[in-house]
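Here's the structure we're looking at; comments come further down.
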C-alpha cells in the first residue's frame, strides 16, 4: 500500500469518473458526424447530468425502497469496476481484492439490481426490459468470462493487473486465441452496453428497447446516476478491451513519470476505440430480439474455441 | 417257494401297471371304480405274499388295512356317492385317449430308466418293482391332469396312493407301523373330505365338472 | 414328563373339547386359553432345551434341538396372537352372518388341531411322521379354508387339497426312497426313518438314491412352501379363508414345510458332499422371488397380494438356505421368524380393514388412517416392515442375504435387485391409497384387537435393532446345525 | 462402551449422541402432546433448535480433533453399531446443526391450527428425520449406515405425506419412497462388494481391502447410482420436483438443504474414503453426470410456474455443480495432483454448505409466503415487498447468494469452482485438457442462468403490483419465522465474507480425503482468499463489500449535499394507455419464455392454443420432464407387459396347475440325472 499506489488508485478513480461521460459524448458526436448531422456537442453528457441532478425526483406510487436504493448500488458497482480495471497503472492496491471473475460478478450484481428495480414498478415495460436484460446477461456473462479466461490461460493468472503486466512485457506475439477472444469481446461489449446491433441506446420504442426499458421509470438524480453508471460501464468495458488487447503504455509500479505519460496514451486509445465503436454502430442495423441469442451464442462459442485453441497450441 | 415269490411279486406289479393303464383309458365311472378296487386287491395280495415270504407280521397288518380301506370301504362309498349324485354319464377327457396312452408309455420308459440304477442295488427280493411303482405314480398323476370331472380326479389321487404303498411294501418291506397307520388315516380322512366337497360342489354348481372351478385367476386384464 | 407332553397334548385336547363346545359364546376364550397353554408349555420346553441342549424323548420318536425349538415357540406364539385376534374378528363375522354356530365349532376345533399338527411336525424325529403331520395339516386347513362355503372358497379348498395332496404324495415317494437308502446302510431289521439315526450315518447313504429322494422331497414339500411353479394353490387358499386362517397359513404352515425341506437338505448335503441340494434350492428360490414380484403388480384383492408377497419372501428364504454358508443360514432363520411375525400382523390389520370396507378389493378400501388411526398406522408400519424398511428385522435379514449373495453369487444380485424393487413399487402403490386420503368407511361395532399387531411389530423392531445374545445364541447354533 | 465419566471430558461423539437422543426425546414428547399445537410450536421446536446449535458447537470443536470411534450395543450380534466422528463427519454435522437450527426456529412459527396431520406427529417425524441424518454421518459400518439411511428416507416420507388429503401429494410421496428404496438397494449391493468376501462390514475393514479395478468400478457405479438416486442426479431426479414442493416448507427446506448433501456425503465417503483404488474415468463420469444434471436443473427451473418446484429444480442444479466439483477433484486425485484435488474438493464442500444455507432460506421464505397468501403459483403473487418486508429482505439476500453474486457465499463457491476448473494444465491426456475448459464454460453458463431464475423468483413474487386483490391482507412473518430466517441470513453473509475461516475448517476434510489442503496458503494471506498463489488469483470479499458500500454511501451523501433530496410520488408512466392493470405485468411463464424458446429440445411442451371459435379463448402451455417419457413410462409399461405375461401362469384351471407340478418334477429329474 505504497503512497504511490494510493495515488494511482485515486487517479484511476477520478479519470474514470471524468472521462466516462466524455467518452459517451465522443461516441455520440462521431455517430452524428458519420450520419452527417451536427451533433449536440462533446460536453452534452455533462450538461445533461447537471440538469438531471437539479430536478426533483418523481417516484412511482408502488415502488419500494429497492427502487430508490438501486441507482446508488449500481453506480457504486460501476465505480468499483472502474477502480479495479488497470487503466493508467497496474500498481492498484484495490486490485488483489477482486480478480477477473469478481469483476464479472460485479457486472452481474449490477445487472440483477437494475432488473429487480425495473420489475419493482410493476408496469409492463419494466418487466419486459428486465426479462430481456437478463436474457442478454445470461449469455454475455459467460462469454465475457471465457474471454478473460483466454487471457488468464496465457498469462497464468486471473488477476487483471498481473495479466496486463505480463501481456505488456511479452514481445509482440500474435496469439490466435486472443484474436478469437477479441472478436467475441467486441460482440459482448456491444450487447452489454446496449449498442446498436443489440439495442439502440437512444430509442424509447417498446418493441426494441432493452436498456431504456429498465431506466424508464427513473427521473432526476436517480436517472443521472444510472446514465453516469452506463457511461462508466462503457468506459470500464473499453478499458478491459484495451488492457487485454492493447496493453502497452500502462504505467508499472513506482514509476511516477510513466503515470503522467499513461494518461495521454489512454485518452488517445479511447478516442480511437470510440471512433471504431461509432463506425460499427452506423454500419450495422438493429437485430430482432430473438436473433440476439444467436449473436451472443456465437460470441460465447468463439470465446470457448479461443480457449480450446489456447490449450491445443499449448501457448501460455 | 423262494424262487416263485419274486416272479409272483413281479406279476402283481405288472398287474397293477396294467390296471393303471386301463384306468387312464376307461370312459365309464362305475368301471373306473371297479378297476381301482381290483388294483387295491392286487396290492393286498402282493403285501400278503411279501409278508409270508419275509416273515414280517406288520406287512399282514398293512395288507389288511389296505384291504379294508382301498378294496371295500372307499369303492363302496364312491358307488353310493355316484348313485346319490346320479352321475352316470361317460367321463370325457381333455385329450383323446390315444395321445394319453402314448404319453403314458413315454412315462413308463422314463421311470424305468430312472429306477434302473437303483433297483440293481436293492437287496429286497422285489427290487425291480421300484420302476413299476414309480410308473404307476406318474401314470395316475397324469390321469388326474387329463380328467375334467371331480370323481376321476379323486380316483387318480387314490391310485397314486396305491402306487406309493406298493413301492413301500415291495422295495423296503413296508414302512414302520406308526407311519403306515398315519398314511392310512390320512388317506381315509382325505377321501371323506373329498366326498363332502363333492356334495357341496354338486349342490353349488349342480355338476361335478371341474371347468366351473376356474373363477380364481390372475390372467384377466 | 417333559414339557413336550403339554406342548402336544394341550392343542389335541383343545381340538377335541372345542369339537363339542366350539359353537358356544365362550368358545373363543377357551380357544385363546388353549393357545396360551401351548405357548407357556413351549416356553418351558425352550428353557429346558437351552439349559440341557438337544435331547431325544420317548424312545427316540421325538427330537428337540435348537433348530426346531425356536420354530415351536414361534408357532405357539403366533397361534396365540391369532387366537386373540380372531375373538373380535369372528364375532363381527357372526354378526355379518357369514359364520353359523356349526361352522364356528368346526373353525375352533380345526384351529387347535392345526396347531397340534404343526407342533407335531416340528418336534417329531421320524421323517414318516413329519409326512403324516404335513398331510394332517393340509386336511385341517382345507376344512378351515372352505369354512365360508362360498363357491370361491370351495374352489380354493378343492385346488388346495388336490395340488397339495399330489405334492405331498411325491414327498411320500421321496421318504420311501430315503427309507430304502437307510435300509441298505442300517440293515433291514433296525432300519428306521429317525432323523437322528439317519443323520449319524448320512455319510454312507447311497448318493444316487439320495439325489432322487431329495428331488422328490424338495418338489413335494416345495409345493407346500409355495415355490414357483408349484405355487398356484397358495394365493387362492390364503385369500379365500377367514383372515385368522390366512394369517396362520402364511405365517406358520410355510415354515413347517421349509423346516421339513431343511431336515432333508442336511441329510442330502451329508450324503452327496456336492452342493446340488443348495443349487436346486437357490434356483427355485430365485425363480419364486422374481415371478412373485411380477405377480404383485396385477393384484386387485388385498389378501391375494399379500399371499404373493409370502411366496416372494419364502423364495428369498429358500435362496438364503440354498447359499448354505453359516451367515446365510442365520439370515434365513431370522427372515423366517420376522416374516411370520410381520406377515401375520399385516393380515390382522387387513382383516379389520376388509371387514370395515366389506370387500377385499383394494380399490374400495380408502383412507384407513382417517377412519381408525391405529389400524391405518398398523397397516402402514406393517407394510413398511414387510418391504424391508430398516428399523424392522426384515431389513436385517435382507441386508445379510443381499450382501452375502453379492459376495458369493454375484450372478443372483441383479435378479434380487429387480425383484425387490418391483415388489416394493407394486405393494406400496396399492397400500398408500388404502391407508392415506379421504374415505367413506365407517368404524365397526366391535373395537378391533390391535394388541397383537403392535406386539408383533415391536418384536420385529427388536429383532431389527438389537438381537439379544440369548436369542442370537439360538440362531447361531441352529445355523451351525444346518451345516455348510 | 465407555463409562459415564464427568461430562467435561466426554468425547465429541458422546455429545453428538446426546443431541441425537435429545431430538428423539423431543419427538416422543411431540407424540404425547399430539394435538396441543401451542406446546409443540413454542416449546418443542425451539428446544430442537437449541440442540442444533449445540451440535454446531460440538462439530466446530470436533473438526480439528482426531477421529473418535464408539460401539453401541445395538445392531446385529456379530455386527454392533460402529460409529466414527472424523473431520468429514464433523464438517457435515456443522452443516446439519447450522441449517437445522434456523429451520427449526422457523418451523416453530410455521404451524397453524387444524392442518393435515397433528403437529405432534409432525414433530416426531421431523426430529426423527434430524436424528437419522446426524447418525448417517456418524455411521462406520454398512449395517448402521443402511439402517439410519433408510430411517431418514422413511421419516422424510411421512413428512412429505403430511397433508395426504391431496392426491398429488400421495403420488409424490409414493414416487419419493420408491426411488429412495431403489437407491438404497443399490447402496446395499455396493457395500456387499466393498467388503470383498471378508464378511466384515465395518468401514475400517473396507478401507483395508484392495478391490480389482473391475469390481472397484462396479462398486463405484453402484454407489453413484444409489446415492445419485437420493441426491437427484439426472436420470433419477424425477422425484425431487414432486416431493420437495409436496412437503410443508420448513421440511422441504431441510430436505433440499441437508438431505441432498447427505447423499453427496455418501459419494464422498465411498468414492474417496472407502475405495482405495482411484481410476481417472470415475471423475469424468461424475463430472459428466453432474454437469448434465446442473444444466437440466437450471433450464427447467427457469420455466417453472410453481415457486417451490422452481426451487426444487434449482436444488438439482446446485447438486449437479457440486457433483462436477467432486468429479474434478477425483480426476486430479487419480493423477496424483493433491493441491488441485484439494482446491476442487474445497470448492465442492463450500458450495455444499452455502447451498444448504441459502436454499433453506429460500424455502422458508416460500413457506412464509404460502402461509400469508395460501397461494403457491407464481402467477397469482406479486408486490409482497410492501406487505411482508421482514420476509422480502432476507429472501433478497438468499436470492443474491443463490445467483452467485459477489459479496455472498454462493459467489465464493462458484469462484473456487471456476478457479479449480481453470488451472488444469498438467493433466496427462490431451483429451481431458481439452474437456475441462469446456466444462468451465458450461459452469459459467449454468451460474448465469441461475441468476436469471433467481431474478424471476424474487421479481415475480415480491416486486411489482399484487396480481390478486386478496394479496393485500398478506400478514408478515411471525416472530419465530423472522428469527429463523435471520439465522440463515447470517449464515449466508458469514459464508460470503469470511471464506478464509471456512476454508480453514474444510482443511482437515481435504487432508483426510485427498491428503492436500489450502489452509497454509489461505491462512497467511489475511483478508485475501488466495487458493494457490497470490499472483494466480485472489479475492477479498470484505474489501469488495466495503468498496461497494463506501461508493454507495459517498454518492448518497454527495448528491444530497451538492444538490437535494426532494422526491414526489406519482403514478407510473403508462405510455398513454390509461387502463394499466396488475395483470399486465410479466407472468411467470412470460419471464421464462425466452429460455423455453432457446432450450426448445430440452422440454416436452404441451400447448393448448385458442382457436377462432372459442367462446372463452384460453392459452395453456405445460412443460413436462422429457425424461419421464423417455425412461420411466417405457420402464413401467415393460414391467406391466412382463407381469401380464406372468399372469397367464395363474389361469385358474386345476389341470394346468397339476401340469406345472408334473413338468417341474420331470424337468428336475432330468436335470439331476
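Lettered A, B, C and D in written order, each chain numbered from 1.
Assume a residue touches a chain if its C-beta (ideal position, glycine included) is under 8 Å from a C-beta of that chain, and two chains touch if they have at least 3 such contacts.
The structure presented is a predicted model; accordingly, all values stated were derived computationally and were not measured.
Ranked by how far their CA centres sit from the centre of chain C, the chains are topped by A.
Across every pairing of chains, the maximum count of C-beta contacts belongs to A-D. Chain centres here are Cα averages; for chain C and chain D they lie 44 Å apart.
Between the Cα centres of chain B and chain C there is a gap of 31 Å.
Centroids built from CA atoms put chain D at 70 Å from chain B.
For the pair chain A and chain B, the distance between mean C-alpha positions equals 101 Å.
Within chain B, residues 114, 141, 144, 153, 213-216, 218 each touch two or more of the remaining chains.
Counting partner chains per residue, chain A shows two or more touched chains at no residue at all.
For chain C, residues touching at least two other chains, in rising order: 158-159, 162, 166, 170, 212, 235, 295, 298. Per the contact rule defined earlier, chains pair up in contact as A-D, B-C, B-D, C-D. Residues 61, 126, 128-129, 131-132, 135-136, 139, 142-143, 146, 149, 151-152, 154-159, 161-162, 165-166, 169-170, 172-173, 176-177, 179-180, 183-184, 188, 191-193, 206, 208-209, 212, 235-236, 239-240, 295, 298-299, 304 of chain C touch chain B in their complex.
If you check the complex, the residues on chain A that touch chain D are 53-54, 56-64, 66, 68, 72-73, 75-77, 79-80, 83, 94, 96-99, 101-102, 105-106, 108-109, 111-112, 115-116, 119-128, 130-132, 134-135, 137-139, 141-142, 145-146, 149, 152-153, 156-159, 162, 206, 216-217, 221, 225, 290, 293, 300, 303-304, 307-308, 311-312.
Residue ranges of chain D in contact with chain A, taken from their complex: 382-383, 385-386, 392, 396, 400, 403-407, 411, 414-415, 418-419, 422-423, 433-434, 437-438, 440-441, 444-445, 447-449, 451-452, 454-456, 458-460, 463-465, 528, 534-540, 543-544, 547-552, 555-556, 559, 562-564, 566-575, 580, 582, 584-586, 590-591, 593-595, 597-598. For chain D in complex with chain C, the touching residues are 73-77, 142-143, 146-151, 154, 161, 164-165, 167, 170, 173-174, 177-178, 181-182, 185-186, 188-189, 191-193, 195-197, 199, 201, 639-640, 642-644, 646-647, 649-650, 654, 656-658, 660-661, 663-665, 668-669, 672. Residues 644, 647-655, 658-659, 662, 666, 669, 673 of chain D are the ones touching chain B in the complex.
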